[in-house]
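For reference, the structure I am asking about is given below.
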C-alpha cells in the first residue's frame, strides 16, 4: 500500500508543485491565491485520510457490521452465511442479570476504577518529577534519563519482568515485603486474587508515568520565568509558586495529557495480557482482556464486536463530555 | 456542507466495507481444494522442541527428504504456541493460511465445526495408508464422534505421575502410589520441612481442564452429555473438581504458591527437589534442562480410585497430542496429502516422536524399542489402555476457558484459606455453565 | 520559540527552602527506585544461571554467568527480529511523520471546508479498541492481496502501514499545535521571496519545527516498537518483530527467564541510548507542540 498510495500523490500534486513548480513559478505569473489554495489543503490531507480510512475507519465499520451477525466457529469460515442477529449480540452484552452481561459490567467497573487510579497516579508522579526537576541541579540530566527508561523498554519485556517480580514464592516483591521487612505474616499472592488489582495498577503506572512526566516537563519549560521572578519579589515561596503559577499554567497540557492517558489506559491490552495471560483474575479483569476472551478465545466474534462497539460509544461520550467541560472551564479561567 | 462531506466519507467507508465483507473469507468453501500449485506447500509446525530454532533444525532435514522424494518444496514456519490459535483463527476467517498445519488435538472439534479443514474420510485416509494404522484413542481425539476426523494424529502424549526417588526413599515410601488414597497418604508423609508432595499448575487453564477431566471420568461423569450439552454441575464433576483442589485445600499436599503457577514453575519445583511428585505429559527433557538426572526420577501411571487403570471409570489421562491437518482451500491438495502421508509414515513417526519425547500414534511405530524405555512405556500403555479424549465438541475452547477459569479461581480460594466446599465448587461450575449457554 | 524554550531552564530566582529540598530528595529517590527496580531485576537475573533465576530471589547473584547473553541468539533468531523491528518501526516513523507534517501544515495554514471533521475524526480514531478492528483489518489486507497481488498480510509493508496509522492522530495533533506557534509572517515572507507553499513548508516551517518533529518521531517509533497484538497476527516467521519474538523464550515446557531478561536488555540498549540522545530535542519539541 505504501507504494501505491503515496507516489500518485506526489506525482499528481506535490511533486509538480515542489520540484518543477519552484523553477517554473519564478518565470510564470503566479496564479491567484484562491485557485492555488483551493485543492491544496485536500491534497495535503489525502495520504492521512486514505490511511485512516484503510486502517481505522473501514475496519471499524466492518467491526460494527460484525456486531450484528452471529460469528461463531460455525460461520467464521464463510461470513456471507453468518446469520444476522440484529441486536441480539448487544442484548446479551447488556443483559446484566445473566452471567455474560454481569461479567461485562463487572469488567467495565474494574476498568473504570483502574483507569481513574492509574491516570491519577501517573499524573501525580509525572507532575512531582517534572516540578522537582524544573530547577537545574547536578544530576538532573541523569535523573531525567532514568525516569524515561520505563517508556523505552519493550512492553513485553517490562511486563514479564514485573510478573517475575510479583511471584509469590520466589518474587522480589514478597522477598522485600515478607522476608526482609516482615510486613506480612504470610507471603501474599499478587498475580491471583484481589491483590492482582494492585499489581496491575503498579505496572500500569510504572509504564505510563514517564509519558506524563515528559509532557509536563515540556509544559513547564514554557512558563515564562518572569512570572516566578515577579512572584518571588512579591514574597511567594516555592510552594506558593507551584500552587499559584505552575499548576494553573499547565492547564492546557493537562487537558490533553489526561485525555490521552485515559484513552490509552482504558484500552490497554498488553499489560494485563502479559501479566495474567488469557484469563485475568476477577479483580483485574480489564475490559480489553475481557473482550479478547469473549471473541478470540471463545470464538465468538459477533458478541466480542458488540462489546467493543459499546466500549467505543462509551469512550466517545466520555471524551466529548470531557472536552466540552474542560474547554468551557479553560475559557472561564482565562477570563479571570 | 460539513455534514454532506461527513456523509460522503461514511458512504465511501460503508461501500468499501461491503465490498470487503462480501468476499471476506468466502473463498475457502467456494473454491474448495485444488492442485494449482503442485510444487510447493506451506506448513505451520507447532513448537515441540526446546525452542523454535531447535524445531527448525529438527524438521528441515526431514522436509528436504520429502522434497527429494516428491519434488515438492515445503516452506516451514514454526508458530509459537502463544500465537498459534490466533493465527489459525485469522487464517480460517480470511481463507489465507498454510496448506498443512499442526493443531492441538483439543481444538479438533472446534476447527472441524468451521468447515475449513479437510475431512479425513475413508478415501482420504486411504491416501495415507488407512485409518487402521493409527491407534484408536488418537483418532478419536481428532474430531467429533460420528464425523470424519478433521485431522490426523501426529504426536501423542498422555499424563504420567513423575516422582522423585530420593524423596520417596527419605520418607520411607516404597514406590509410587497407585490410588488417590495412597497418594494422599504418601503426600502427608512427604509434605514437611518446606517440601511438598505434589505440584500443580493452578494458573494454567488447559492443565486444570486435563486434570479435572480425568478425575471426572473416574467419578463416572463427563463435562458434556452425548448430545453435546454442557453438564458441568453433575455430582461427579463437582466431586472431581473438589477432589483436585482439595489436594491443596484439605489434604495440604500442594504448596499454596502453586495456585498462581502458569509458567511451568511446578516442573522447576520438581526438578529442584522442592516437590516430590508432579502429574505431567512427557517431562523428561524439561527435567534434564533444569539439571535433574534421569536416574533421580521415576514415572508411574496416574493414580485411579482403586484397582488398575483401564477404560470407563478407570481412565487416568486425557489423550494429549498434536494432530496434523490440511486446509480445505489448499492449492496443492494432492501434495498436502502426500506430506501428511510422509509425516505419518513409520520411519518419520519413529524419528520425530523419538526426538520430541512423544509417543507415535501409529501402531507400527509404537513397537519400536525406543518407546519401551520405562517412562515412555508408562505413557504408551496409558494411551493404549486408559486414556480418553477430551470432549470433542465445537465449544471445547469455551469449555476450557470457562471451567479452566473456575478451577483457577478455586485454587485462589484454597491458597488464600477461603474454604472450598461442594457448594462453592458447584457455584463456580454453575457460573461457567451459564456462560456456555449464551 | 524553541530557543526560548531552552532558555527557560534558567534557575529559580530564590534558593528553595530546606523543606522543599528535602521533599525533593525524598520524591526523587522514590521515583528513581520505582523506575529502576525492574531494570535492576532484569540486569541481575540476566547474569544468573537458569537454576538460580527460578529459585528464591537474591539481590546479589550468588553465581554470575554471561552465558545467557550468548544463548539468546540460538534460542530465537533475535538479530533477525531486531532488524525487522528496526525496519518496521523506522519506516513507520518516517512515513507517519512525513504524512503528519503535510496534514498538520494544511490544518495550521489553510482555511478549508471539512477541517473540523478531519481533526475530530482523526483524533477519535485514538479511541478505537484495537481488538475490534484487528480481524477486519486482517481481512482487508488479505483481500487487497488477493485482488491486487500486493502482499500486505504477513509482510513488513502491512505492519508498517498499520503502525504508521496508529501514531498518525497524535502526531498530527501535536504538529498542528507546533506549527501554529511558528509565526505565519515567516512563511508569508518566504512566499513573497518566490517559494511556493511547499517551499515555505520545507524551507521555513519544517526547520523551525525540528524539535517538534523529533518529539513526534520518538513517539511514533515507540508506538511501533512495542506493539504486540497486531504483530502477533500479521507477521510470520520472516517478518516477526521483537515485541512478539521475545515471547519465544517462553516455550511449552520451559521459560528461559534469564534469557528473556538478557535479550530484553540487549535490544533495549540501542533504543534507550537513542532515546536519551534525543531527549534534549524531545523536551524542547514537546514544549511548543503541546503547550501552545
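Just so it is clear, A, B and C label the chains in written order, and each chain counts residues from 1 on its own.
Criterion: a residue touches a chain if its C-beta (ideal position, glycine included) is under 8 Å from a C-beta of that chain, and two chains touch if they have at least 3 such contacts.
Values in this document were obtained by computation on a predicted structure and should not be read as measured data.
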item: Label of the chain whose CA centroid is most distant from the centroid of chain A; value: B
item: Of A-B and A-C, whichever chain pair has more C-beta contact pairs; value: A-C
item: Distance between chain centroids, defined by C-alpha means - chain A, chain B (Å); value: 36
item: Gap in Å, rounded to a whole number, between the CA centres of chain C and chain A; value: 13
item: Chain A residues counted as touching two or more neighbouring chains; value: 57-58, 62, 169, 296, 301
item: Residue numbers of chain B (touch at least two other chains); value: 9, 17, 20-21, 24-25, 86, 93, 95, 265
item: Chain C, residues touching no fewer than two other chains; value: 54-55, 121, 135-136, 139-140, 244, 247, 250
item: Chain B-touching residues of chain A, taken from the complex the two chains share; value: 53, 57-58, 61-62, 65, 73-74, 76-80, 92, 98-100, 103, 167-169, 187, 189, 191-193, 277-279, 281-282, 293, 296-301, 303
item: Residues on chain A engaged by chain C in the complex (per definition of touch); value: 1-4, 6, 14, 17-18, 21-22, 25-26, 36-37, 40-42, 44-45, 47-49, 51-52, 54-60, 62-63, 66, 125, 128-129, 132-136, 141, 143-158, 160-162, 164-165, 169-172, 175, 206, 210, 214-215, 217-219, 221-225, 228-229, 232, 237-239, 252-253, 256-257, 260, 263, 267, 269-270, 273-274, 288, 291-292, 295-296, 301, 304-305, 308-309, 311-312, 315-316, 319
item: Touching residues (chain side chain C, partner chain A) in the complex; value: 5-6, 8-14, 16-17, 19-20, 23-24, 27-28, 31-32, 34-39, 41-42, 45, 54-57, 91, 95, 99-100, 102-103, 105-107, 110, 112, 115, 118, 121-122, 124-133, 135-137, 139-140, 144, 148, 150, 152, 157-158, 160-162, 164-166, 168-170, 172-173, 194-199, 202, 215, 222, 225-226, 228-229, 242-244, 246-247, 250, 257, 260-261, 263-264, 267-268, 271-272, 275-276, 279, 282-292
item: Parts of chain B lying in touch with chain A, wherever the complex brings them together; value: 9, 12-14, 16-17, 20-22, 24-26, 28-29, 85-86, 89, 92-93, 95, 110-111, 113-116, 202-203, 205, 255-257, 259-260, 262, 265, 394, 397-398, 401, 404-405, 408-409, 411-412, 415-416, 431, 434-435, 438
item: Residues on chain C engaged by chain B in the complex (per definition of touch); value: 50-51, 54-55, 74-77, 113-114, 116-117, 121, 135-136, 138-140, 142-143, 145-146, 153, 232-233, 236-237, 244, 247-256
